[in-house]
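What follows is a set of structures to go through.
What follows is chain A paired twice: with chain B in the first complex and chain C in the second.
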Partner chain A sequence: MSGRWLAGKVGAAVLTLVFVLVFNFFLFRAVGDPTSQLARLPGATDEQIEQLREDYGLDKPLLGQFADYVGDTVTLDLGISQTTREPVWDEIVAALPWTLLLVGTGTLLATLIGAWMGVKAATHRGTRTDDGLLGFSLFTYASPEYWIGIILILVFAVAWPIFPAGQQVTPGVEFASWFDEALDVVDHLILPMTAMTLMLLGQYFLIMRSSMVDVLTEDFITVKRATGLSRERVINRHAVPNALLPLVTLSAIQFGAVAGGAITIETVFSWPGLGELSFNAINDKDFPMLQGTFLVFSFGVIFANLLADVLYFYLDPRVQSR
Partner chain B sequence: MSPLLEIEGLRVTHDGKPIVDGVDLTLEPGEALALAGESGCGKTTTALATMRLLPPSLEQSGVITLRPEGVAEPINIGRRTETGMRLVRWRHISLVFQGAMNSLDPVQRVGRQLAEAIRLHERASSAELAARIAELLETVGLTAGVGDRYPHELSGGQRQRVMIALALACRPSLVIADEPTTALDVVMQAQVLQLLERLREELGLALILISHDLGVLAETCDRIAVMYAGRIVEIGAVDGVFAAPQHPYTKLLLDSLPVIGDERGLAAAIPGAPPHPGEPPPGCRFRPRCPFSGDRCDVDPDRREVGPRHEAACHYAPWERWPEIEPAAAGEGGAA
Partner chain C sequence: MSGERGVRELLLGTWRGRFGIAVLALTVFVAAFGGLLAPYDPYASSTDVLEPPSWSHILGTTENGSDVFSQLLVGTRVSVVVGFAAALISAVVGSIVGLAGGYFGGWTDRILDAFENWFLVIPTLPLMIVLARVLSPSLTVLIAVIGLTSWAGTGRIVRAQVLTLRERPFVERARALGAGDTYIIRTHILPNTLPLIFANTVLIVAVAILSEAALAFLGLGDPTRISWGTMLENAFSSGAPSAGAWWYVVPPGLCITILVLAVSLLGFLFEEYINPRLREAT
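Up next is the complex of A and B:
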């Protein structure tokens, strides 16, 4: 039963992925003749352009090009970057861990802090605590993340220089051990991670607060209190596990979207992740690179959705019987 | 014998406005008391106040005394600390809510929820716990396997049985059942009521049954208290009250019951709407809707003895004979 359920979810994910693949191919064909971008020298001759067409297989009919594209993608050959002349896949593999580190820690922190704040606000509804938390989270929710990033740099890297303003490690330093290197990375991670956390926090807080307010009006909360449980234990053992369900799903689904949306934060902090990679690719009109990062972002969103489904399956017994 | 539960002058207020306005009530051990009345008249609030479970925005005053068997000192509910109250809840008084509603935590297995309640009040090894839970579930007519289920895997009737098993988990002397059958179909209603009655006889429980369904209450209870706008307006033995109601509100409530075999037609509704207990009309609270009211109703009547163990809050009680009223006249009476 649960095996069939999982197979269905995976099937749907694969189908979406196929659609993305098709869309990704035709999107970049719709932008215009790729050779016009390739021939950077204004004085390129017709033979040179023809040669480029042949090199990239653009002289073949569209369907043949598509077959090539699918074949290459499946074998993880995403082409060569037009700016760095490195394989796109290698560049992505180098950038991916940095994005996952930034987005992963940011999402985790935002979920934990957002959940905690949500519980506090819901259990102190209508008090100053609630108002303060609401005000704070609406402020961070409304602030653009690049602005938050710039303010963080101004305060904690310029005015009061306790953290580095950008990049992932101090350049040109030989580290004595992997541990020292890890510490240096953490030092660099703190500001962009804070920006990421603040970007996500407001939304997660609001979801948790309203979910918690709903759960607290349920009859079983009164029944649990009536059995002699203290208010704190009713909240921690019964209200929170129920109220967390929508938040966990949201943050899992968001994880995929945020990986792509980290572009501004990664750019502000010169963080060498996928966001910066695609930002540079847009500036340089590096089509193979853009196509590659698009594919990875789509894959991230689809995978995160699948992950959310599986998580919900384990957290909410009601899903399992469906 | 001293009563198990004594409520004197219970008032519950919200921002100074009363929701329950002076409820007096006694309950003998093993007795079943019905609490009847329209929605919003303060039935549930009274029940929750007895366990001191009202939300912090509501303030309660008055004296509630509980004398469970085997406990030397009477328990003064109003003066207990919150921690002290936690020892009283479920050990001495437990609660059953509407069945199909979410009375159980949806993400925890039934057995775990039963175990949690027992462990709060008793020391028990896991083997003893498992045996207790199996026994409890069997007492309410379920198999022990139900303990491994989640609430959503059970039917409305099964869930209500689990709720009753939970209510019995710590062998309390009083169970308050708030509309325990409202969300169930008629067959399930009858089963759950029979179960409650059987358990009451076997375990010697006292029961406060809250419902707006007078039929249900008549079948199950010994005494009935009728509430109107935050007060008990009539209280007495079920037989006596049903045979000869002494408050116009009770009289009209009973008249509104459809009679099987009678002419078909809509039951006689009581004209008008009940006042908010916080803003009662001057004089008798029922006066604006009362077709029998007279000059004396300018003064708010006290509840007084009108027959053997039968009290009513009406100046004209005891009523020898109820005057005939036309349904339309009743409506005008309400407007006047």
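Up next is the complex of A and C:
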């Protein structure tokens, strides 16, 4: 039964991805004939435009064009950026590690701190600690992450300049070793990573808190306490591991937010990832690039969702017996 | 606690309710009359560029020498209009999809559910960006794009509720007595789903306000109107943060935060009211 469950999840993910391809294809065809932009060259004759249409396969029927598009996408040919004239895929490959670094460290920190805060609040329910943590997380939940980023720049890069305000590495510096360069990157990473962490923290905290509150009312906790184990030990060894489970599935709903946050936070900090590529593509009306980054963001989120499902499947035996 | 008295108690009996109602009332008032309250023309530029707060400009000036406070007042309208209009569209679409899928079941449900799933999984901001860029930004486009991309959660909740309602004795009785689908949906299903739709829509208002601000910040706002998001965009792109112009950067973001916080708290309150099980968890 379990193999079937997994196959169903993979099937759904593939179907979603196919939907993305269809959507992407039709939306950007709807913008108009791509040659109308290509043929803005002054003095282009009708024959030249015809030639361009043929080169781009636009004289074919729609289904044929779609087949071409899928074929190109699968072979990672995402077209040419209209501003830099570089292949879109090459630019994405260059930007991807930076986004993964920012998103990975931000998510990791948010999970750890959010879980810790959630346990604190749930074990101190109704106290000032609980109220304070709730208030703080509601505030970060309600505030735009790019605004938090700008405030971080204002405080820690301008008023009290201890961190750089943007980019990934100090420009024009020859580093003595890779270690010095890595330190410089970390220095640049801290502010955007903090913005990303603050954006995600609230949700993780709320999930962990309510999950922990639920677990603490369960019978086995009372039984463990009755056997004479200390409160700390019961919380740390028995309650927390059980309360962590929902964090895995429920964190999946965060992946969409992570993609959005990557765009706005990278914009604020000129962090050279996929988000900044998208931002530049928005301003330059660079449709192939916008299409490419949207595809990669969608693929990333679908894949991360699938991964969360699989992880939950292995962590919670109750799902496997279904 | 039920009926009208229950709702009043809910809104005015807790600090969360009072805070939410007060902020919302003030915001709607400013959205309606902000233009009249503004001490300066928010679009007028002057030579007093990036001036810190003073008696003549209580929140200082922008990179064009415009009055920040006046822009803040006038910008309220876009946030409120987009937030509520987009949430309304999202509620209508989500309700129709959820009702149709849950009530009719079968292939209708399967197709609508697949559709819904797609919107739930696809990252919303990138999707909105792509749509807004292709359609070229205006107030209507913003409302449509945000409304049409954020209905999936509502659809899912409505569908689940309709699925349980469909099997209830009073619905079966009506059907046995010969009532048609439209009649059953109108008199039995919809009235029992509306509170849920309402609570969910209040939460969507908060999401829509944040979405408008994010799109505006990325340069996809209505170029002819000031909003809190476009203020942040102008402040950021003109280098106000590195100039230390906190008076220009802090107020728009704080307004967004307080409004979103107020609306979210009201949404949570309504959710708890409908589903008392949630109250135990908080």
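Quick note on the criterion: the second predicted complex is superposed on the first by the 288 of 322 C-alpha atoms of A that agree within 3 Å, B and C clash if a C-alpha of one lies under 4 Å from a C-alpha of the other, contacts with A are read in each partner's own complex, and residues count from 1 in each chain.
As a convention for this text, a residue touches a chain if its C-beta (ideal position, glycine included) is under 8 Å from a C-beta of that chain, and two chains touch if they have at least 3 such contacts.
Given the structure is predicted, the values throughout are model-derived calculations rather than measurements.
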Task: chain A as common anchor, with chain B and chain C clashing or fitting - done: fit
Open item on the list: Once chain A of both complexes is superposed, is A:F26 in touch with chain B (first), chain C (second), both, or neither?
Closed with: neither
TODO: Please work out whether A:H238 is in contact with chain B alone, chain C alone, both, or neither, and reply first, second, both or neither.
DONE: first
Task: From chain A, separation angle of chain B and chain C (C-alpha centres, steps of 10 degrees) - done: 80
TODO: Kindly classify A:Y314 by the partners it touches after superposition: chain B alone (first), chain C alone (second), both, or neither?
DONE: neither
- [ ] Count the residues of chain A touched by chain B and by chain C, then name the partner with the higher count.
- [x] C
TODO: Quick one: classify A:V223 as touching chain B (first), chain C (second), both or neither.
DONE: first
TODO: Please provide the least distance in Å between a C-alpha atom of chain B and a C-alpha atom of chain C in the combined superposition.
DONE: 16
- [ ] Using the touch definition up top, name the residues of chain B that touch chain A in the complex.
- [x] 48, 51, 53, 82-83, 86-91, 94-95, 97-98, 101-108, 116-117, 120-121, 150, 152-153, 163, 166
Task: Residue ranges of chain C in contact with chain A within the complex - done: 114, 117-118, 121-127, 129-131, 133-134, 206, 210, 213-214, 217-220, 232, 235-236, 241-244, 246, 249-250, 252-253, 256-258, 260-261, 264-265, 281-282
Open item on the list: Give the list of chain A residues in touch with chain B in this complex.
Closed with: 218-220, 222-230, 238, 241-242, 245, 315-318, 321
TODO: Mind listing the chain A positions that touch chain C in their complex?
DONE: 12, 15-16, 19-20, 27-28, 30-31, 138-139, 141-144, 146-148, 150-151, 153-154, 157-159, 165, 210, 213-214, 255-257, 259-260, 263-264, 267-268, 278-279, 282-283, 285, 287, 290-291, 293-294, 297-298, 301-302, 305
